[in-house]
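These are the structures, in C-alpha cells.
The same subunit A turns up in both complexes below, where it pairs with subunit B and then with subunit C.
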Partner chain A sequence: MNKEKISITQGIKMTILFLFGSTLVMGTGGEAGRDMWISIVAAIVLAVPLLLIYSRILSLFPGEDLFQILELNFGKFFGKLISIIFIWFAFHLGALVLRNFGEFIITVGLPETPAIVPVIMFGLLCIWGAKAGIETMAKCSDYFIIFVMVLLILFSILVIPSMDTDNLFPIMGEGIGKAMSGVLSSLTYPFGETVVFMMIFSALPHKKSAYKVYIPALLLGGFVVTSIALRNILVLGPATIKAVYFPSYSAISRVNIGNFLQRLEIAVTIVFILSGFIKITVCLLAATKGVARVLGFDDYRILVTPIGLLMVNLANIIYKNIVEMFDWAFEVWPYYAFPFQVILPVLIWIFIELKLRAKNKPKQTETAVEDGSSA
Partner chain B sequence: MFMMMILSYAIASYLDLKTTYHKQDKAKLIVYFILMTISYAIGTASGYVREMPSPAEPIKQLIFAIMGK
Partner chain C sequence: MKMTRKQVMKLKINKTVFLILMLICSSIVFTGCWNYREVEQLAIAAGVAVDKNEDGTIHITIEAVNIAGDGQVAYEPVYIEEDGRTFFEAARSAIAQEGKKIYWSHAKVVIVSQEIAKEDIVKYLDFLFRDAEAREDTWLLVSTEKTAKEILEGKGMLKAIVSFQIDDTMRSQKSISKFPFIELFEFFDRLFYKQVSPILPIISLTEQNDKKTPQIGGTAIFKGAKMIGNIDENHTKCMLWLRDEFKGGLKIIEDVAGTGENVTLEIFDSKSKITPVLEDVILKMKVDIEMDVSIGEIAGTTDFISKSGQEKLKKAAEEQIEKDIKKMYSIARDQYNADVFGFGRRVEMKMPEVWSQIKNNWDELFAELELDVNVNVAIRGSATTRTPLKIGE
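== the complex of A and B ==
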C-alpha cells in the first residue's frame, strides 16, 4: 500500500475536527441537564487512559495501522475477523454522521427537500476527499480548523448578551449521580470515536507520534466541546436544550446585535460541513483501508467509491425519521459503541503486552545465563 | 427510477474506473462490481420499499435485551 505521511500538527488538527464532527451541532451529555459540562469534563478525564491505550498499541508497531497490528498479533484468520468488526464500526459511524448531516440540512434549511439529496451530495464530496488520501485531508484540516475556530469564537462572543448565568446554577443541584449521567454518552460520543484513527494513523511520522497527536487533540478538542456545551446552557438553559434537536443552532439564532447583526445561525452549517466532512472522510478512509487489507489489495483507492456509495445507502435507510435518529444517538449509541471503543481495544492491548512480554522473557533469561557463565 | 439508477451507477462506475483503475487486476474489478451491485440493489430497493429493514432496529433490540430494558 502507498505510504502517505502527515505531520503531528496535521494529525492533531484532523483529530480535533473529527471530535467536533456532529458533536458541536447535536450536543453531547444531554442526560446531565444543566451539569452536562461536568459530564463532558469527566468523560475527557476517562478518555485520557483510553487514548493512551490506543497510542500505546500504535507506538508498539510504528508505521503500521490497526489492521496490520491485528494480523501480526492474532494471525491471519483472527486478525482479519477482528478487522472486520472495526471496519463495520468505521463504516457505520460514517453512515450515522452522514445521516446526521442530512437531517440537519433538511431541518434547518431545506425542509421540502428529501433527506437523501444532501446525503448524496455530501457523500460524493467525502468519496472525493477519501480518494485524494490522508495527506490531502490533513492539508484540508490545516485550513478548515482556522475557519471553524474563528467562527466558534466569533459566535461565542456575539452570543454573550443572551447568556444568563442563572441557567448554570445550582451546580450539581440534582446530585452527583445526575451530573455524571452523561459521562458514558460523552465518552462514546465523541471522544471514544477516535478509535477510528487507529486504522489510519500508520501515516504518522515516528514511534511516539500517536501520543503527541491523541492527547493534545483530546485536551484541546475536549476544551472546545466543553466550552460550547457551557455556552449552550448559558444561552438556552437546560429545559430548552432538551426540547431542541440542534442546541448550537438554536443558541446562535439568539444573536441580535442592535437589530442589525442577526440570523447568523445558518453559519453553524459551515462548522458542521467542515468538521463533518473530515469525520465522514476519515471513517470512509478507515473502512476502505480495512477492506483493502482484509482482501489483500495493495491500493485502497479503487474501493472508495463503492464503499462510499454503500455508506450513502446505509445512511438513507438507517433511520425512519429524525426522532428515531436522536433516540438511537442518545439511548443506544453509548452501549453499542462501548465494546468497539473500550472493550476490544483494551483486550487487544492486554493481549499484545502479554505476547511481547512472553517474547522478551527467553531473551532476558539467555542474557542472564550468558552473564553468569562469563563471570 | 429503475433506469435512472442503472444509468447513474454506470456513469459513476465508468468515470471512477477511468481515473482509478490502471493495473489490470481482475480480482479488484470483481470486488468493485460486487460492491457496486449491492449498493445499487439497496439504493433501488429503498426507492420502492417504503419501510426498508435497517440494522438500527435489530441492534437496538439486541442491546436492550442484553441490558434487560
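== the complex of A and C ==
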C-alpha cells in the first residue's frame, strides 16, 4: 500500500485549522462568563501533557496509525474493539461539525432553506476532499491558513473601535472557581478533539514528528482561540455572549467604520467554511481509515463515499433544532468526549509503556520497538 | 507502473467528460437562488413606530423608502400601517397589504410609544434582538408624544425621510449631549444585568415653520424592561457626566457671580473619574470631573475674560455644575431609585469582593449611596474675541 506523506509544517497548519473548526464560530468556555479566556488558557496548559501522551504513543510506533498500534499491542480482537470506539468518535465528531455548519448557514444566511441542503453540499465536498487523500488536504491547509489568518487578523483590527475594556473587569471577580468553570469544556472542545489526528498521523515523516506537530499547533492555535474569545468578550460583553448563538458573527457585525465599512459578517462564514472543511474531512478520513483497517481493506478510498453519506445522514437526524445542538455541545459534550479524549488514550499509553518495559527490560525501549514494528 | 498511451487518452477523455458535467451542474445549480429577492420586490424599511391599540394588539407604522423599478430611488416616504397580536405578525401582514416583503436590514430607527415602554418593552420588541435580518445597530427611542406614529409622520427639516434624519441626529450626539447615545445592542445588553438601569433617548415633536419636526432630547429611565420615568435635557447632561459619557456640548451658567448675566460655555472635552470608596464600611461614590471649556456667549457686558473675571466665572461654573449634578443625582436616587449611572458596575469592577457581598441588595444600598462630586473647569479661551461687547458710554 502506497504511503502518503505530509510535512511537519503542513501537519501543524492542518491541526491549527482543525482547532479553529467550529470553535471560532460557536465559542468555547462560555460557562466562565467574562473570564472565559482564563478557562481557555488553563485548558491549553492541561492539554499540553495530554497531547504529549498522544505524541508519545505515536512516536513509539513511527509510520503507524492508532488502529495499527492498537492491534499490535492489544491483539487482533481487543485492538479492533478499541478501534471501533475511536472510529465512532471520529465519525460522530465529523457529523456534529457538519451539523454546526448547516445550522450556522440557515440561521444567519438562508433561513428558508432546509438545513439538509448546506449539509449535503458541504458533505459532498468533504467526501471529495477525503477521497483526494491526506496529501491533498495538507496542501489545501497550506493555502487556507493564509486566508483564515488574514481574515481573522484584519477583522479583529477593524472591530477594535467597538471594544469596551470594561467588559473584561473584574478579572476573576466571582472567584477562581467560576473562572475555571469553562476548563473542561474548552479542553474537550476543541483541544482534546485532536485525538482524531492520532488516527491519520501515520503520514508524518519522522519518529519524533508527532511532538513537533502537536505542541506548536496547540500553542499557536490555542493562542488564536484565546485571542478571539478575548475579542468577543471585549466587543459583546459576557451577557450578550451568553445570549447569542454565534458570538464571532455577532461581534463582527458590529464593525462599522465611518458608516461605510460595515456588514462584514460574511468573513466569519469564510473562516468557518475553510476551517470546518478541514475538520470534517480529517474526521471522515480518520473514520474511514479505521473502518478499512478493521475490515482488513487495502485501500480506504472505496469506503469514503458510503461513510461520508452516513455522516451526512447522522448530521441530519442528530438534533431536532439549534437549541438542542447548543445544549449538547456545551452541556453533554464535555462529559461525553472525556473518555475518548483523555481516559482511553491515557490507559492505552500506560498499557503500552508497561508492556514495553516488561518486554525489553535491559534494552532501550524505543529502538527495540522500531525493530518490532517493522517486522 | 507505466500507463500505455491508450490508457492516458482514456483518462484524459474521462477528465473532460467530468469537467463538462461539472460545468453543466454548476450552471444549473448556482445561477439562481430559489428564495431570491430583487430590489424592486422589496419595501425597504427606514424606520418603524410601535404603538398599542386599545384592544391590546400592536399597531406598527413602517416608514419605507419607495424604490421605483429602474434603480431610481424616490425620496418619498411611504407609510405602511398594520395591526397584529405580536410585532412579527404585524410586520408580516404588511406584506399582504403592500405585496412586497419588508426588508429590515436598513432600518435605522425604532420608536416606541411611552405606553409600551411603561408596560414592558421586551414583550414587544424581542423580535428586533432575535431576527437575523434586523441589525443590532439600530436606534431605539421612546416617544413622549401620544403615539409613536406621529413622530414618523412629522416632517424632516433637511431630509424627507424622518428616520434618516433621526439617524443623523443620533450620530451627532457628541456635540449636543442632550440625550444618551445608546445603541440597540447596548440597551439589550444592559437588560441582562440586574443592577443596572437601562436608559433610552426620548423623541418628541416641535413646531418649526408651521411644520412638526421630530426632536431628540432627554432620557427615558427603565427599571428592568419597564420605563419608570424620564428626565429632561439638562438633567441628561448631568447624567452623562456621571456616566463619563459627556463628549461635548453647551452649558449655561446662570446669574454668574450675582451679576444677573448668563454665560454659555462650550464644553470641548470632559473626563469623569468615577471611583467607589469605602469609608468606615460605608460605600461612597467619588466623581472627579475635568472639563475644557471655552466662553461661547456672554449675555451681558461684564468682563469674564480678564484674569480675575475668569476666576469668578470658573468658580461660578464649578459650583453650578456640581449643584446641578447633585440635583439630578437625587432625582435618580430618591425619586426613581434607578442606578442609571452604572455605579453598581463600577463597584463590581473596582471592588469585586465588596460587590459579591452587596449585589443582592444593591437597590437598597443605592437608595442611600452618597455622591461626592468635584468639578474642575479649565477655561481655554473665548472664541475669537478678547473682550465682552462694550456699550459706548
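In the analysis below, the second predicted complex is superposed on the first by the 360 of 375 C-alpha atoms of A that agree within 3 Å, B and C clash if a C-alpha of one lies under 4 Å from a C-alpha of the other, contacts with A are read in each partner's own complex, and residues count from 1 in each chain.
As a working rule, a contact is a pair of C-beta atoms (placed from the backbone, for glycine too) under 8 Å apart; a residue touches a chain by one contact, two chains touch by 3 or more.
Since the model is a prediction, treat every value here as computed from it, not as a measurement.
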item: Subunit B versus subunit C as contact partner of A:F78, first or second or both or neither; value: neither
item: Which of subunit B and subunit C A:F351 touches, first, second, both or neither; value: neither
item: Touched partner set for A:Y335, first subunit B, second subunit C, both or neither; value: first
item: Partner chain in contact with A:I318 - subunit B first, subunit C second, else both or neither; value: first
item: Overlapping contact positions on subunit A, where the subunit C interface meets the subunit B interface; value: none
item: Residue ranges of subunit C in contact with subunit A within the complex; value: 35, 132, 135-137, 171, 185, 188-189, 192-193, 345, 348-350, 352, 355-356
item: Contact footprint of subunit C on subunit A as seen in their complex; value: 107-113, 166, 169-170, 172-175, 236-237, 239-240, 242-243, 250, 253-254, 256, 259
item: Residue ranges of subunit A touching subunit B (in the complex, touch as defined); value: 92, 131, 295, 297, 301-307, 309-310, 312-314, 316-320, 324, 328, 331-332, 335-336
item: Residues of subunit B that touch subunit A when the two form their complex; value: 12-13, 16-17, 20-21, 27-28, 31-32, 35-36, 38-39, 42-43, 46, 51-56, 59-60, 63-64, 66-67
